[in-house]
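Note that subunit A is present in both complexes that follow, paired respectively with subunit B and with subunit C.
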Partner chain A sequence: MKARRMNLSIIIFILLFLMSPTPWTLLFNFSRLSKAEINFYKFNSPVFISEINFTRGQIKEAGIAIYGKIFINKFTYFMKDAGQRYLESFDSHFLFTQGDLSIEKSTRNSGPIYWIWLPFLGYGFYLCYKNRSKILVFVLLLPILGILIREEYETFSRLPFIIGMYYIVGLGVTEFFNKKKYYWTKALVLILLVFEYSRFLHYLLLHYPYLVGRY
Partner chain B sequence: MSNKFSLRKVFSPETLFFLVVLVLAICLRIYRLNQLELFGDELDVGYQAYSLLKTRKDYRGNFLPVYLESFSESRAPFFIYSAIPFVAIFGLNEWGIRLTSAFWGILDIVFLYLLVRLIEKDKKVAMWAALIMTIIPWHLHYSRAGFEVTLLLFLILAGTYAFIKGLMKKTIWFSGAAICFALSFYTYNTANVFTSIWIIILLFVFRFELKTQLVRLVPALAIFILILIPFSFSIFRGPAVSRFKLISIFSDQKLIEQIILKRSADPQNLTERFFHNKLFVWSKVVLKNYLTAFSPQFLFFNGDPNPRHTVPGFGEIYIILLFFLLSGILVSLEKESKKPNIWLNWLLIAPIASALTVGGGEQATRLFLMVPPLVVLIAIGIEKISAKIKGIFLVIVIMILTYSLVGYFHELTKHYPQEQFRYWHFGYKEAINLVNENESICRNYFLNNSHEPILIRYLFWTGTDPNWFLNNFKDDKENQTTNGFSNFSLGNVFFGHLIEENRLEGVKRILAEPGNCYLAFQKDEIPGDWNIEKEPIRGIKVLGLVKAPGNKDPYIYLLGGLR
Partner chain C sequence: MKKIIFLLIFVVALFFRFYKITQVPLSLNWDETAFGYNAYSVIQTGKDEYGTKLPLEFKSVGDYKCPLFVYFLVPVIKIFGLNEFSIRLLPSLFGAMSVVLFSLLVNDLFGNISLSILSGMLLAISPWHLQFTRAQGDVALGSFFVILGLWSFNKWLKGGRWQIYLSSFSFSLALYSYFSERLFVPVLLLAIAAIYQKEIKKRLKPTIKAFLLGFLLCLPLVFSMLSSGQKGKILMTTIFGYQRPDEYLQKMKREDIFSGIFNLYHNQLVEYGLMVIDHYFNQFSPSFLFVKGPPDDRQKIYGMGMMFWSDVILLVVGMANIWLIKSKKKETALLFSWLAVAPLPAVITRDPVHARRAFEMVYPLMVILALGILGINKWYSRCKSKFRIIPIAVFLTIFFWSFGYYLLSYYLLTPLRTYQGPSGWQYGYKQLVEFVSPLKDKYNQVVIDTTYQGPYLFFLFYEKYDPAKYQPQAFLVKKDEWSLGEGRGYDNYQFRDIYWPRDRSLPKTLFAGPPERISKKDIDPKQSELLTTIYFPDGKEAFYVVATK
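Showing the complex of A and B:
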């Protein structure tokens, strides 16, 4: 029974990911994106170092230079920046509203995850946490890849994370649809999914080509 | 024996710790409180309070109004009424206005401590909560400026505390809760949504306790309704909702334009109407705003994009506290209790009101009610982790918190006033003081009104007698022209702007008349970077100059004629 449910959740997860905006948008612009360069994050960027020097100067001016030496150095600065970049992956603007900042990797009309999946994402996370599932730790580690790329809110480096998030959504959806009540809510979810999906396709096929200069 | 007065109890480590936190809170909230100039809303609060103090009317002449009428909008009254004692003691200046917020901000900390002790039944969590609220940028920033939200937060905290006390003790506590909750409607518009939902949640969470004591709620309900009667009239007459109409997403013309633009791609196609309509766009914006309020970018890294609401480069909460917040949320979710968690519920409903407004997802003022649940969850997280890892852990946390606080406070008191002065409408205080100082030279004043509305600044900084103002003021619409200066006047002061393109010529013409003085702005009447104090203009005398902080560039001039 447990194995069947697991299989079902994997099928649902694959289905949900394939219906999501990300693969469609990336395929739509495949020819352009395949030529794009990858810019890696530079730990020794001059901007980075000048910011450290500037902040240290301010702290020295305030008469607490020792604090500046302990807390403002390449390591702590990188950690803060890395933390900010890590958390970008969980930003609602990235996940639900707009997605990637590049118009070629997102329609900018929706993020990689449809709004309708938000409650299921929360529910999925709760289930993983309750069952102390290792997959949760794995998914939480995946945004680290996003730190390595210079562009902020970048999709390619966050693709494994988006897939992981869909896996968690899948868990939530499977668990919810296996319950023997809430028929009306289930029907509503399906209607909203159809609406979200058709809205996305409508935008992708009718409005998006103008934005990326396909017409 | 147990009731016996004991010094050991009074001077227990908890009490001493709380007193230290309180002293820290007071110091952080009043140190250099006057370093930034008062911005428009603060001046409005101050002059309304002054007018109520002197005439018992607002400055538009309404006797003890339920909603105060300002030049630009209607204002919720309670914060202004609460500022009267401070204005009476300290006068019309930064201290008179901002100490009101600081006072309510300090009471927020006291009542949060009491409420957490009551709900969590854990002194340590309460102490951590009080400390965190004392030092986080969000609460600190708003306690140092004349915003209504610290008072609103006090009313919600005190109301909730009284309500829960009422469940255990005397009925009078329920009446206290009713007064606090009802007054919150008169404090800040966010309360209209938040307090309504919050009362329902409290009634639901404590439904089993209330079942047996419904009769005790009747007097409280009567008080609540009684206090809200004038408010409901204000809703129907308009002033209570006029502000919401201005800022709500439902009246945002940009969203309508977006829909029209999308539909114009294929106007005959019905699918366009199906996918691009008000209902969908509004829901999307509300959801987007709601989730943005929880985004790490807003909470921990950038804060409110408006520099008046946040010190740029800082989030609303120190990033180090993120780990404790997550751990606090997990601990609260895991807690085995039949009751829904009060803090999580509070956190979930706090952004709703703000989500209904344009840009509400990152508007720290409208989201201010998120502060207590976030702080308490952080405190729960710290307590949970510190119970597991003792010793060095606490030292490290306190060191990092100290560093964060010192860094933030240094930025707030040293660099922020120099860099963000324009957002605090800098220059008007000094400029109006120049006007005051030159009374012997100037017979008529022409004040440029095209940057920020200058009338309220003139009234506030000159300390104009509200009785005189009420008798002499007619209208603030520019309905007359004097020497090519479109204006309205108050006594010998003309507020307005020059009609002609070549403003400098206009200034020269006005100043050619003996006794006329003109308040001019750099890059407006005075073109480019021309410093007319160093390179004077023929026929014009610089009576006074206000320089920008930091680079000391000329900013505002008081000019007179040479004759």
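Showing the complex of A and C:
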């Protein structure tokens, strides 16, 4: 029974991911994206250095240069930036509303995950936590990949994380739909899913081509 | 011992709220000066700046401010005078009192002294709480009354008698303090009624009496909410008055193949609904909480969000340790209802994210952070590994670094980046008044440019201009129905946009405006003279003061 449910949740997870905006958008722009360069994160970015120098100058003028050295340096800036990039993956703007900042990797009308999956994501996280599932730790580690790429809110480096999130959504959906009650809620979820999915497809097919200059 | 600890929390809260109170934030902003001058006007004449007798809404620059902070300022200004300290005394004091009261509330709710002390200490040094309890007083006042209302309600639940009336009174005062509370308090009360319905049913009579007391106290507010000014304000700031741009609608219609598709996917319900959901979750986004904070200069702390970086860890561990309070089901439900309801005032407004309107979020978040500390402590005492000190050391390093960075940012770096304009701290007006005021009688007119908005308030405030003389001259000029207004002027002052090619021909006139309005190269020495330049704290030019001959 448990194995059957596991298989079901894997099928649902694959189905949900395939229905999500990310693969559709990436496929839509496949020819362009396949030629795109990967820009890796640079520790010695000139933007960093100039900001550090400018801020340190202000601190020095205030007569507390030592604080500048402790709080504003390359290491702290890198750590802060790395933390920011890690947390970007959990940003509602990235996950649900807009997705990647690049117009070629997101329609900017929805993120990689539909809003309707949010309660199931929460439920999935709860199930993982309750069952002390190692997948939870794994999913929480996956956004580290996003730190390696220079662009903020970048999709490719976060694909494993998005897939992981869909796995957790899948767990929540499977568990919820296996319950022998909440018929109305289930019906509502399906209606909202159809609506969200069709809304995305309509945007992808009718509005998005204008946005990326396909017409 | 308990009392000493709570006293210590109060002292810490007071210290962080009063240290350099008149210097950081750098200057008063127009809201603060408006509150101050209206209170001064009430002291002198019993009327607001427009001559309305003891109003329940202060028109000010057309934003119809809540009245309670103004009336609370009356005795303070009477004692300490019309100055920066008077304006910032109350938010700091009420902010510090909120910290202790919140600590007591957590103790009463969860019966856990460690949780209560930790929540109080975390709140005492919380960047989010400090940001709005060192300045911008109405928020601090409203929030204090919410905490007082909750604390007294909880006391009543535990067998008290009169506390329900104090609770009702406090919640009513909160509605008179700050706009966000007008949405937050009623929804929170509904949640409370749902959570504690059994207890309330058992003591229905006093509950009804308290409800009636609150209703009567709020009745005048209901009438003032129906005024055209308030309606205008609601339409101006919330999504209810928001109209999607015509170009956008035309574009969508054109691209959709037939109108059915447009009506299905681009109707107001769908698009506004998505906007509301988006705004709601923005309030919980890591970018807002830990990384960047809100975009508004007056709300933000440079280089960080509204919480410390170390709070990321505490928040995750705290959520995982909710079971520590699971025996207190109703109290936990109250905590999460509080957190869920708190962003609502920010959600219905047009700004994508807002720290001030969602200020009430800070309290339940502190409890979760405190749970995080307790969770870490529990893990540490159970863990037998000799390396268990390493994660603790890493956490403490992040915490002390974050705290140190916050102090550096708040006291030095943020003021150097948020001094300008109405969304910032409007630096430069005080210096301008000090220079211009002694000269004004030598000129036919004094024209002050309104690019940085609200100069009339600063002139009235720093000149301590007699309200009885100002009231007959008060006139608010609005560029359009969606913008805030500017006082037209008084005596020989005019507050308006300067158009230098035209204005420089006005004889014997003193002008003060930013370099964008008065170009230095266009100041012809035969016609006019640059008297002084007022600078921003980072050395950029703020105002030129130019006199024509």
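By definition in this document, the second predicted complex is superposed on the first by the 214 of 215 C-alpha atoms of A that agree within 3 Å, B and C clash if a C-alpha of one lies under 4 Å from a C-alpha of the other, contacts with A are read in each partner's own complex, and residues count from 1 in each chain.
What we mean here is this: a residue touches a chain if its C-beta (ideal position, glycine included) is under 8 Å from a C-beta of that chain, and two chains touch if they have at least 3 such contacts.
All values reported here derive from a predicted model rather than from experimental measurement.
If you put the two complexes together on subunit A, you find that subunit B and subunit C bump into each other. Once chain A of one complex is fitted onto chain A of the other, the partner contacts of A:V47 are absent, as it touches neither subunit B nor subunit C. By the touch criterion defined above, A:Y129 reaches both subunit B and subunit C. Of the two partner chains, both subunit B and subunit C are touched by A:S92.
In the superposition on chain A, A:L206 makes contact with both subunit B and subunit C. Shared-chain residue A:Y67: touches subunit B and subunit C both. In the superposed model, A:T76 makes contact with subunit C only, not with subunit B. Counting contacts as defined above, subunit A residues 58-59, 62, 64, 67, 70-71, 80, 83-84, 87-88, 90-93, 96-97, 115, 118, 129, 199, 202-203, 206-207, 210 meet subunit B in one complex and subunit C in the other.
Within the complex, the subunit A residues that touch subunit B are 58-59, 62, 64, 67, 70-71, 80, 83-84, 87-88, 90-93, 96-97, 115, 118, 126, 129, 198-199, 202-203, 206-207, 210. Here subunit B touches subunit A in the complex through residues 262, 265-266, 271, 275, 280, 284, 287-288, 291-292, 294-297, 300-301, 319, 322, 330, 333, 400, 403, 406-407, 410-411, 414-415, going by the rule given at the top.
Residues 55, 58-59, 62, 64, 67, 70-71, 76, 80, 83-84, 87-88, 90-93, 96-97, 115, 118, 129, 199, 202-203, 206-207, 210 of subunit A touch subunit C in their complex. Listing the residues of subunit C that touch subunit A in their complex gives 252, 255-257, 261, 265, 270, 274, 277-278, 281-282, 284-287, 290-292, 303, 309, 312, 320, 401, 404-405, 408, 412-413, 416, 538.
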